[in-house]
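One chain, chain A, appears in both complexes that follow, with chain B as partner in the first and chain C in the second.
Moving on, here comes the complex of A and B:
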């Protein structure tokens, strides 16, 4: 399905990625660290957009999936000294299982109830982490012995490569026939059913894919940060940030999620000299974009391309 | 009509029943449909025809009965399984994928229900093109749905429904919103489905609009079959005529000159309203005098509800609405209601989980305690059953009681102008009589002004001083009810 805007978008994306890949040669380790975190957030936001933008389901608990992935990997490494890569794989797998268990009953609910279920799931995970402090490190957090790399540049490249590959897969999936069916199910479930599509099956699959990438990103991020804590991978505020990033970047664009995440984190950091004002300014910008450009950064660009 | 429906039926519906809580929308409905036949399922709004169609398609789960397709019972299967057996449904409203082209939208309908099909089969494009050509979408293949005219969006719906060559095609109100020229094009398309040997089931409000198209018609009322037969037979049927036109029409109009106000209380001047691309009202003008009872009659989809919602401030419009010399543009629905124009909507919109009394108190919420008490006492005299049901939850009432409550809640606001939208919808004749008496009492004993929208002419005419006929978004007739019974009623069915 060739479409007019797609090839320029592809070339622009590739050019941006190539430029981004050269950053470690002339940018400070501090900025690299910032972008590394932003790239993991980008994957969170892109996975979330697959559910919201395509399946039409609002998952208020992206951090449930992220947190399960992060803590599974962290606990295996910290308590059982499991090999780093096995821990990451186990984290992604655990997120998929947890996502499946949550979504299977929740997707049978209608409207806002699905969203509420996902919200409650985060609270349950949060209490679990606090209550089983021996296992999870509780409120202090879990210290992770292994790291991906001690080199800021290598960490940066891993995150960038991971984001690029995840983005390519998620974007490709969204544009594929499966993505079209998902989009039809999200937009008009009754009609999609009458066209012969099992909506629950497709939405469940989307949830699982979203869970896989969220869990994988959560697990990798833990090994970059060297710690797993409620405040960084489970808290509702983190989830809200993921959601804002995806909406800011552009609903139903997948790649917009990465843009939004980088904007949120980089802008927050640039405004740090303003102290407490930083969060206020970034939130206000986000609010204005959502109110007046509900299609987000990339959505606005794409719909202009559609009209011409 | 050269049909071959004498053959063994491809679809046989037996004893189909669908109940929503206490309300039985479809009762023991049976019909059979053969390949190469167009079958019309008709009935006034609320008669259960759409529910019957949705039950066949599996969109709602039938409470009882069988849906036999080539001998296999499909009742209770989900829609996607029924679709894959060879069913296609044309929806009246739909939301196509706006970022995809027309061609891609048709391709979606051709995709298999598989999670593993990450790459589209190249032959799909060719098949989608063929289907587009069939329904006349070829010139707009690469355009996106938001840029298409309304008729092309309907074509897209047809294309999606027939994409996988279904043996049974269900069509919900095939001609809603189309111009006369487009109606004939769509009729031809639907005939071509029949000629290819498909079985076609149409749902529509009246026999007239589909009579040229259908081989047989089943007329429904209150969830049950009245009669099945050829269109002309059904139109002659006594019960059908009574359902649509009623028996003898009685009128008791007060002449327009008897109303004292020189400038009418409410003047609607050249109103036009659009829903996206579909025109819902076209240059409509009406006026109502103080204390006058005016009926707007028209079949479903004619624009009655749109007109009422426009007056109530819910919709943007071109033209003017003037009340007592004041333009009403810019008022919010709440301001309109508070100023004394109260609508009792077709859908009733009761607060289902509140008691009857709470619903009424909410209506009279702006009155002081003594005034509310006296208004409530007056209302209980008008609808005595509501007094008995005071403590009951609104959603547990019968349909007729719910309608009385809806009217009662509107009256608690002490309206100057009461707008009643289809109060008879889906109600049994005995209830209609009670509503009729209540309206007559309002007319005789109160200074209220009433604007009544109805497709049931028998109910509307006795209470009307003047009648407007709304058809395809326009006022096509205006006059007193006596003249209506003689002139316009003939063409109405």
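Moving on, here comes the complex of A and C:
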């Protein structure tokens, strides 16, 4: 245990967080807004990495969990005027239930079958959002009356604090004995099972934790943006962005997901002048990273650290 | 009358689905690769055919040929850019290669899709059909193009069957799908077999893409749903089982047509997706799959 507190990673992370927390005093509201979204994406990517990097399950539908959380919170708030904090809690809870319903059958399946089920879940959710347009606002989106705060700085701190806390919990979980069992069952399910670990139970737990944070982040983001739409929280493209962020940052690192998400959002903003080519460029960079640096940013740094 | 119309329409669309899914399942069966850029390859074919017709003003046969060629190039590029480097990579551990290939082909598909959208906008495009006019089948006015689509699809599937089961090359491919190591021991280079399979896949996806462009029209937005429907059909039928995917294509095709005619075109894809989820619960290996 003490060795972990001596590791430079912890201190670097803390220093970066402290610097990030002071940003609202000298950075424009525009950049703060950009980073706020990036931080929510960071939580999406970190929760996804818990499943992929540790449990070894590729979830092609992170937006199913995010979308369920976001829409539950949004619908409760805009149609039933439920208080904001209750909406966020309900969103997280709904995502957990949705994650449980999805994971229970899906985890009996292996590899591509699991991925497919999660992919189909997103498509079904997307169809339902469009079909029940009265409730969900359809393709145009749902307008949310309440906001977290009208101050860009406060919004930014909420997002940063949320990302820091979620990151700490997810990272702690990944480093704990449970995380090790998850990693073992991801790499060799037969052997992990032979050692007496209940693989399905551990993977289900990972899925539920992942769903909880995805749903919570989705619900919070809805109240930051003031709108919930297919394009921002459900679309497959959003899911792909989450996956790319996690892989770019470095799989099996948890914290890398946040790095990757910030990089993606900021890079997307810098590429805005290139117009429609922005997505193309971001995807090609991601493809190159996957092909040549399969361990991602943080993975590359960490492996160099251990070698020296 | 309506029943007959559903029967005819459903038959044509299902034939198209079957052809699209056959290529997809062939790749999986032989090399274990799920190609998530499948929809983008089909869209590339259709848009290339459209561009040949409305920008270069070629005749419909030449359009179709251009589309086919575009799909062939796109398929080979998919293999060399996003599949082979990962299969040969030493830095990616073996058990994670599958996931990396899935992610890489997904990204490659998005790149293709974005390129198509950049050069040809993402408006819906309809390829000029090779045969035009309508024909009456048992009193139902049916576009000749629909009949043409069904015939071509089945002819191509038939040819593929002959190729795989009756030629030496096809038998090698079949053997590679059963036991890759055994085939290499017999002196066949596995990479060559994969290249042949991806070329066949490119042609199949190209024909399916061009026909789809003539029949329903495509836009760059169709890429994702097309991949998903091929994936769904293949899993419904059982991964790697060609006859399974043919049956599944008809189940999905008729289910969609029935929904579109009897309920509303807006609900078109929902029943098939729900059916897929049910199959996942009850029989994860698909209709004809073995595990």
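The definition used in the following text is that the second predicted complex is superposed on the first by the 302 of 308 C-alpha atoms of A that agree within 3 Å, B and C clash if a C-alpha of one lies under 4 Å from a C-alpha of the other, contacts with A are read in each partner's own complex, and residues count from 1 in each chain.
Just so we're on the same page, a contact is a pair of C-beta atoms (placed from the backbone, for glycine too) under 8 Å apart; a residue touches a chain by one contact, two chains touch by 3 or more.
Predicted model, so just to flag it, every value in this text is computed and none were measured.
Superposition of the two structures on chain A leads chain B and chain C into a clash. By the document's definition of touching, of the two partners only chain B reaches A:197; chain C does not. Between chain B and chain C, C touches the greater number of residues of chain A. In the superposition on chain A, A:187 makes contact with both chain B and chain C. When both complexes are overlaid on chain A, the residue A:97 reaches neither chain B nor chain C.
In the superposed pair of complexes, A:177 makes contact with chain B only, with no contact to chain C. Contact with neither chain B nor chain C is seen for A:23 once the two complexes are overlaid on the shared chain.
In the superposition on chain A, A:131 contacts chain C only, with no contact to chain B. Touch criterion met: A:205 reaches chain B, while chain C stays clear of it. Among the listed stretches 253-261, 289-297 or 361-369 of chain B, only 361-369 clashes with chain C once the two complexes are superposed. The contact surfaces that chain B and chain C form on chain A in the two complexes overlap at residues 187.
Interface of chain C with chain A (complex): residues 34, 81-82, 85-86, 89, 91-92, 95-96, 98-100, 102-104, 106-108, 110-111, 114-115, 117-118, 224-225, 228, 231-232, 235, 239, 266-267, 269-270, 273-274, 276-277, 280-281, 284. By the touch criterion stated above, chain A contacts chain C in their complex at residues 52, 56, 58, 60, 105-106, 108-109, 111-113, 115-117, 119-121, 123-124, 127-128, 130-131, 187, 236-237, 240, 243-244, 247, 276-277, 279-280, 283-284, 286-287, 290-291, 294-295. Considering their complex, residues 57-59, 78-80, 83-84, 87-89, 91, 94-95, 97, 99-101, 104, 107-109, 111, 113-115, 117-120, 144, 160, 163-164 of chain B touch chain A. Interface residues of chain A, counted against chain B in their complex, comprise 1, 3, 172-173, 176-178, 180-181, 183-184, 187-188, 190-191, 193-199, 201-202, 205, 252, 302-303, 306.
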